[in-house]
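Next come two complexes built around chain A: one with chain B, the other with chain C.
So, the complex of A and B:
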């Protein structure tokens, strides 16, 4: 029974997404409960999967019984299982949080909206579980197509942002597919486990190097790596406030996870001499992205855009950790990736609350209102502390392990980039917090923060604290799962 | 140099791929009309698919259907079917992307009354 759970995790939201027009045929208001039910079932299943993977080892699921490398394989190892649990729970929280938003904002399109949201979540679980490069391409495209449509939901400006995102994203997908074609032409296989046995000797081959570069460009667009990030701030700030938490939390992170998989599970295996150039390219790009991201975040005035650039910087931080090429670096990168998903979700959720409750979109708006809800302010402080990287939050431990890996590899430039990023992150959060705390003393009364807002921000703040307090356990699981990878 | 050119000329399909890919990329980047951008994008995607198919081409080979059960299978006789299967899936993805993008373009046209990028950006200001 436990063997089939990965497929079920994917199928539950997928089937619900397709059946949603039927479920909501009579009454549009059935959409949200149906989506919530599907996501809850998915959350329970993914937790069961995590439990069984942790106790009995990884599940390699072969579709229709065709054994890999001929058949399609899904790999539910510890890392994939943890990421799927995170993705599902974040999706659940962001759908829960959306309930006070009036359904009229969707203008009678709530059936397609929730269908696409569920498709997005099922695609995300597919990307995380998929065990071969082409399958990853297909799921990345499911995710991307759902994301383009979700960004475009509010109409107006958002249409243009969505179109720009679509052009960039589809070019990225083409580059990735080209890389996959190069890999297939030179190795004759697409299965990650199978590739791992064939590529290490082939890293001299120009075709493999070319394929790797094309994949990096393609995934770089998808993960919004610094020079290729132009689509992200517009897309995230124009996306509907109910969808941007889930987009911000997971879109870039899954592409990053795929890149980490290719780096360590495909080419990083075996003799460690040759991939060294690739790894130094990765950390240099990461360092540029993290410093550039925070500098741009400092120059923004719109709150959602500040957070979007903060997210770009954090993608860079993960790449710095991963680019050290060491076991510690890999674990640090993966742990920070998990933290970053939760933090980004929380940030965009809070930005949505600010818009809905107080009508605040820019820093100047924030000056003229009094953010009175202790739930919102408390959660914001927790997230800010975690983004900056102060104990005892998850962000601190993530950053700590990245610093540790940089010090272990005596990579002081990377260390400098991390420190600059941390200080500038402090600076841009100080700008936001200063305006939040110095709110206007006499401002119009706002209605009480709805229960679902309070519950969702509290849940995410608790998750951030939990990731810090139990970081020890999670990191030891990750260390165990990545044993033997990296130098 | 001559040898290099000879190597290139022996693979005209790859040259065709490179031309199509770069042409598409150029159109996507340079043109201001949104539909023309989509045409460029479509060209890029098609060129990648063309590349995938062309890697599996083999002269004198036939469709990968076993003619008889007897005797051993000679792989030289058959075309590699996998790139074709990948191509089919990639075409489906491409069609879906095109559908979403055309829907977006028509929504943009209805909203802004123009397909020209700079005009739309001016109207956004």
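So, the complex of A and C:
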């Protein structure tokens, strides 16, 4: 039974997504409960999957009974299972949080909206589980197509952002596919386990190097790596407030995870000398992205855009950790990726609450209102502390391991980049917090924060604290899962 | 784009003759996929194209357009058939879409594979046909400012 859980994790939201027009045939208001039920079942299944993977080892699921490399294979190892749990729970929290938003904002389009949201979540689980490079492409496209249409939901300016995102995203997907074709031409396989045996001897080949570069550019666009990030701030700030938490939490992170997989599971095994160039490229790009991201975040006035640039900087931090090429660096990168997904989700959720409760979109708006809800302010402080990287939050421990890996490999430039990023993150959060705490004393009375807002921000703040307090256990699981990878 | 149908009587009469033949051929290709080139995707495209031809020639008020609008309501039914077959295999204890484990009473192993493949092909064909028609309707809605939920 446990063998089939990875397929079921994907199928539950997928079947609900395509059955939603039938479920909501009579009454549109059934969409949200149906989506919630599907995501809850998915969450339970993904937790069961994690439990069985941790106790009995990884699951390799061969679709339709055809053994790989002929058939399609899904690999549910420890890392994939942890990431799917995170993705599912974050999606569940963001749908739970969306209840006070009036259904009229969707203008009678709630059936397609929730269908696409569920397709996005099932696509995410597909990207994380997929065991070969081509299926990763297919699921990345499912995720991307759903994301384009979710961004475009509000209409108006969002249409332009969504179109820009569509062009950039299609370009990224084409580059990635081109890289996959180069790999297939030179190795004759796309299965990650097979590639791991064949590519290390082929790293001299220009076709493999070219394929690697194409894949890096393609995934770089998808993960919003610094010079290729232009689509992200517009797309995330114009997306509907109900959808932006899940988009911000997971879109760039899955592309990053795919890149980490290629780096360590495909080319990083065996021959230690050759990939050194690739790894230095990765951490240098990461350092540029992290410093550039925070500098741009400092110059923004719109709250959602500040958070979007903060997310771009954090992608860079993960790459710094991964680019050290060491076992510690890989673990640090993966742990920080997990933390960053939760933090980004929390930030955009809080930005949505500020818009919905207080009508605050920019920093100047924040000056003229009094954010009275202790839940919102408390959660905001926890997320800010974690983003800056202070104990006892998850962000601190993630950053700590990245610093550790940089020190281990005596990479002081990377260390400097991390410190600059930390200080500038403190600076842009200080700008937000200063305006939040010096709110106007005589602002109009706002209605009480709805229960679902309070519950969702509290859940995410608790998750951030939990990731910090149990960081040693999570990191030891990750260390065990990545044993033998990296130098 | 398609505010009225085509006016020429020649086009209308020949379309009335040809569209059923196109549909029949689409079905033939769909089922012939068991033995040779063909199958769900191509058959579905042909079925969809026959409906699109009907919409273009008989106009948005014609009978094919009305049938296509009804068909749009079943969007996703094809995928549900596909997933349903996969689910029957899962229930039978095999991997998703492993037809030899499909739980249909009174069938032996080879027949199960045969029936499983033909059912998934029908599902694929239905979905492709609906998708093709829905593309035409959304282009139509974009060209005349009329909003229809395609």
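Assume the second predicted complex is superposed on the first by the 487 of 487 C-alpha atoms of A that agree within 3 Å, B and C clash if a C-alpha of one lies under 4 Å from a C-alpha of the other, contacts with A are read in each partner's own complex, and residues count from 1 in each chain.
Everything that follows uses one rule, which is that a contact is a pair of C-beta atoms (placed from the backbone, for glycine too) under 8 Å apart; a residue touches a chain by one contact, two chains touch by 3 or more.
Model, not experiment: these values are computed from the prediction.
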| item | value |
| --- | --- |
| First (chain B), second (chain C), both or neither touched by A:185 | first |
| Touched partner set for A:302, first chain B, second chain C, both or neither | neither |
| First, second, both or neither for A:7, with chain B first and chain C second | second |
| Touched partner set for A:64, first chain B, second chain C, both or neither | second |
| Which superposed partner A:170 touches (first chain B, second chain C, both, neither) | first |
| Touched partner set for A:365, first chain B, second chain C, both or neither | neither |
| Winner by number of chain A residues touched, once chain B and chain C are compared | B |
| Touched partner set for A:77, first chain B, second chain C, both or neither | neither |
| Of chain C, residues touching chain A in the complex | 73, 75-76, 79-80, 83, 86-87, 89-90, 94-101, 149 |
| Residue ranges of chain A in contact with chain C within the complex | 4, 7-8, 11, 14-15, 18-22, 61-65, 108-109, 112 |
| In the complex, chain B residues that touch chain A | 21, 25, 28, 34, 37, 41, 44-45, 48, 51-52, 55, 82-83, 86, 89-90, 93, 96-97, 100-101, 104-105, 107-108, 111, 120-121, 124 |
| Chain B-facing residues of chain A, complex | 134, 137-138, 141, 145, 148-149, 152, 155-157, 159-160, 162-163, 166-167, 170-171, 173-174, 177-178, 181, 184-185 |
